[in-house]
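One structure coming up, written as structure tokens, with questions to follow.
Just so it is clear, A, B, C and D label the chains in written order, and each chain counts residues from 1 on its own.
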């Protein structure tokens, strides 16, 4: 889970553009942020925390091109050293890498490079990409180098790079993670999601296609294919949960997809209740869809505290039991004596769901029905979403009835795979976490190059 | 706009309780935070920023009683020196004051004290209260001192004090600002809003009444009246906008009040549209009520970036025009070709409303109707809400039709005063900002001790 | 132990002047620093740490007058709240107080003020002075107010004040602590020591006399006597240890005084040794004088690590024994097989002296003789030097012979009182710590208005 | 100019040992500090500033081996990224490099590595050494790898490395920079100077010889020669200025060498004056020697402000002229009407010397004679001392008479080369900055493998 951005600006505003792009992509990672600036020379700043915490005005130096990154760690430990973008100098000059995704063959690629004498300063995919790409560029031109790179990398990788004075963006041949390009008055921007282009009042040009690269140099845009995209495997979880609802990715409005998930869920798993409510904020859009389809009122049963930050002091045992509603509180007045259906976007471990059902019951809810805007998550993700192990996934070890009992709901319903596909309205999705069929070979997992037809 | 809290704990957890109470009251002030701790000796810490930024674990020392404050400045400048609680030592011992409200006669009280030789280190109401109360306690017992104090103070004041080892909470005789008391396993808490008691899983005991004081000492609770409450003047803006929706104040659920505002607004100012939407987050509850009453769908047309913080770098002129959707972005897919009614809780200057209407039109909305969940704000508040001058209030200088033209909406409707009263469901409100009739004498303003009957 | 400074500047450089003055007075206090600036309005900044740590460029706002302070706490606890200057507003306007010294009757003055209704935010002398002076100025003109103030204050007080747009400096009637005034191109400065005027290339005008005040307003200097100085009691320890050697105080060069102490010590307590050395840095000047008088070589036997700071991690028990020379190390080559006389300016607890003698012996010194450039310290200081209790003072409980055994030296000699007076070359000194005769009444101590004739 | 340290501790105190070692080496670099800790896993922390600013107690984790560094940049820019030790992972495991010195063939080594595909994250010698050594260790054992490394590296390099669980220290075959080893109760330490071993009360074992390596693993010490030392080239400037006077390097006491420089200078360039004084602190030891030899009194004419730190605000033009004695002030009383000879260790640009002579004259000195404890610096250093270009070196473009006129002294005398050698008392020194004969080939400079015989 990361956000990446790049900018080219005739008026040397590239650093500022990237700052504001990252700010709009902050939901994709809050652990660290970094920007590399290039005008005549390369400068960069990285730090732990939010974009607004890491950068002050004087950091945003004039730049013709800039590359930025917000990180929520999936590989590598949580330290400043692992903050991106990764910046190196090599025979071919400066290389800056901002990467969103996860390399499945990271270990073997790294071992291969180490055998050739490479040393590493971090445990990040980005450093492997930087070193590999640098070596390839020593003997090949950009297109060939990218072609070779794509043959070597297995996994997900949407990347924004700076190679000397060129801004390069590319997306892996299966298109796991989003990446799009937009136009501003004095230049161009690339970024993970279209909402960031909106914020700058830019013109959305188009998504970068799977296996496609974009090079921006001297104000010129050049697109080219560096790998054939035989099938797509866009992460369905971007639509379910991860992307911002005001983004449009690969032609699909995230908001509309979520709303449809709610509507189809309503058909597949209706509930006889007084009103529909959501687990805030992630379940709201699906909940409104659910309510609309069934003609039920939508109401807020829960309110979220927006001020939880990294430095919030989590209570020790003495107070943990006491603090039940620090993050989410019940609006008791709405709940007392009511039959409620609660919509969430997904269930991972079920601990939060359980706590919320308890809170609603304690506040006097007569019935609490739980509905989930996606199918059960049964398998881990190896492509960048933070769902580590099968053990943590409640649905990998329990039936729906068991989960209903675990969370204490009166009923529980999930959206079907078929319903999900119908809601998104297109094929070519990676649904490995829902089907355990992986679109690229992952050691120990089933490889299923064709999407399972539900 | 401030939040105040106090705790008494047999197990010396008072400091931690206040930390978590303040955290739940963070919406009432993000500028500074402070806590005073008392066990054998008095300690305190104050700082600029959020509760979670100011305090680290080791700051929360064991304490039998503690008093805390979150501040959004209304008087005094924005500096660390003005952070509360205000802590002094005097003849009668330690006095700690956390104050929510605004003294109308601050200047004359201060002058009076200065004439008696007092010096001041800040420009805050709290320092005036501390000095005055300290002087009164030199010759009177607590009840008499409070009685005298209330005769001197004109304006709004909900206060939590520590006087040596006693925790004292009181509310001005008109009850402008909220204050309530709850029970925990090993003690008691007082705080601005009931939601903070919920978060600690405490038992809500009751609101402190206007003109009532509560003293907690040696584990004993004692309530007494220090001033007669001939009429109430609870700030209607707490219901409209300021309080958290999961709080219940003076017997009225804030959520229900807002929902009713939306419903009555729907009756008073319906709109023929495709769907209802809200200016996030403040208009959401009213919007859902509005949609429900008219049987229209409720949808999200706008999405809010949750990561704007104090240190966000506001763009200079070069980029300001460009950055249109940094804080709020349109979900274009929902908006294009649609007739929309947009609900907000109130309009102060109209600049944000104007910008949002523009954004919706640019995204292709066919019609944009604007509805406001409260009557026009025509007069400044002198009791703690940050609406400074008549000049800034668009409705003090313009008719509804003019405001409609200013913001560029197809139509504009406000809730009536009668509708507002009906939504709250009770009398005894301060509606000075909506009527220009003030419940206490304010120099240059109309004094209207009886609530205007709409 | 504190340093104080003030400046008046036509070119609005007063804040910068005070910054550089404080920087030259940093040896007088490293715990906290603060500056108050006045142009049209009053601003101030205080912080923990060195002057260079507390202030950045943007803090030094344009100011016509400014007052600053560096603090090493003697009263009050070590917290930001106690940092000076103390700034208040009162009936008579703004008062800023920077104080160097210690009020013997602090408690009774405070109680008196509390009885009149004053509240206190700190435990500092400065707050008492500010409140008292403010009350006096309510009914009196400046001269009368100062006269009255001096009648009330018992103890040592060199002060720099700002009262609205006037810069005021005064020195207690016994002149315990130094204070002088200098002229710059565009204004005037007052400060604790003349070395700070030198650093600004200013012209030293003169010392402020005991019982004298200086008012700088509208560019005019006005001196006046507010109290008669019947006898002087300038702190002899300023000459022995505390002041900077490049300062001249009350007409006496600090360097020359120290050098003379060494020379007279040489006569009073000669030693037959290979060379003379010093405990760095405090004993160097006296050591050079000692060597000169005896015609012995002066050499460095010990070297000091200059990088010990506030945040140096002091080792736990496991390493404490190991770390013998972290602050001072022996130059073994100079010491091996040699007879040495080591000069220090004074002995307080004798722990450092003991350790140093051990180190020299361990490094192979044949004989280690110890000489002290001042008489034995036998009584605590109540006027601002940090020698708390008799129990800590080795010479209050032990004879010279016993101290020699405690520190393990081959011989030990102190300068006589007569020798000290002769070295300073003038009368009118407070030598209470050396004689136990106090120049003002201190509860429990002998009051001896006339200096003891040695 | 850097300081390096390493420790092996049975009791897991290696991290703390290195902290205290670095603290004693702080004079060798104040820009950044870093320590790498190894117990079961490798951790490290680096930061800008002093050792005591960078590390807090919790940073000093238990460690069996640790490697540390303090830096004053000679190559690389002044940024956190360039702070050492340099830590990488490679095929052969973890490598940590702390380096003191300067590689003359840095560019060609780096180009060579880049041609083999290496990428670089910094511009430091240490990264080149880490990458090169890592590659060599892929195919060779430690001794062969070091042998090969020494064949490749041209320039000065005293290094402390960690390679997995081995602590390795080595010194280039000419022995430019110091490096020594000591024994503690539970282990061993290596460090730049012996004074750091003293501080820990350790037993000095011996200097590491030019071309010699020391490996500490599993508590065993192993020394071996990896390159023949045909001639030595120890930096004479370590004796003149850079090392701490309480260190003994290659059998020579730094203090004694400096003292001898002063004595021989006295013979070569005597002065008829009232007393001898020093530019503090660097000239003090030589000045005492000078005075002793001539039988003249030694006195302090100048006093240094010890509180100049990195964050001191340098005045803008408006005040620069005014601030003459911020760093060094005259003790006027000593100077007025006197004939003075002032001793400094060396003259680089002459700007400070000029200013000091001016100050002394302004304070009334009758004659100011200047003597320098080393010969004129006429050529740049390529081995780690920060004397960049010939243009900056006043003696490379001016005769002694001209320099005398530039600084405004009545007379000027330098120590001769012969005198310097005699003072140090041994051959095998690099005196390239004084002779322009370089002991290793430097492009554009004269290569003179044999020391010039003065």
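One rule holds for everything that comes next: a residue touches a chain if its C-beta (ideal position, glycine included) is under 8 Å from a C-beta of that chain, and two chains touch if they have at least 3 such contacts.
None of these values were measured; they are calculated from a predicted model.
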Averaged-CA centre spacing for the pair chain D and chain C, given as whole angstrom: 36
CA centroid of chain A to CA centroid of chain D, Å: 50
Intercentroid distance (Cα basis), chain D paired with chain B, Å: 62
Per-residue multi-chain contacts in chain B, two or more chains: none
Touch-based graph of the chains, sorted into line, ring, star, complete or other: ring
Every chain pair meeting the contact rule: A-B, A-D, B-C, C-D
Partner chain A, residues of chain D touching it in the complex: 87-91, 95, 111, 114-121, 123, 130-131, 134-135, 138
Interfacial residue positions of chain D with respect to chain C in the complex: 11, 13, 16, 19-20, 23-24, 26-27, 30, 50-53, 55-57, 60, 184-185, 195, 198-202, 244-246, 248, 253, 255-256, 259, 284-285, 288, 291-292, 297-300, 303, 305-313, 315, 318-319, 321-326, 329-334
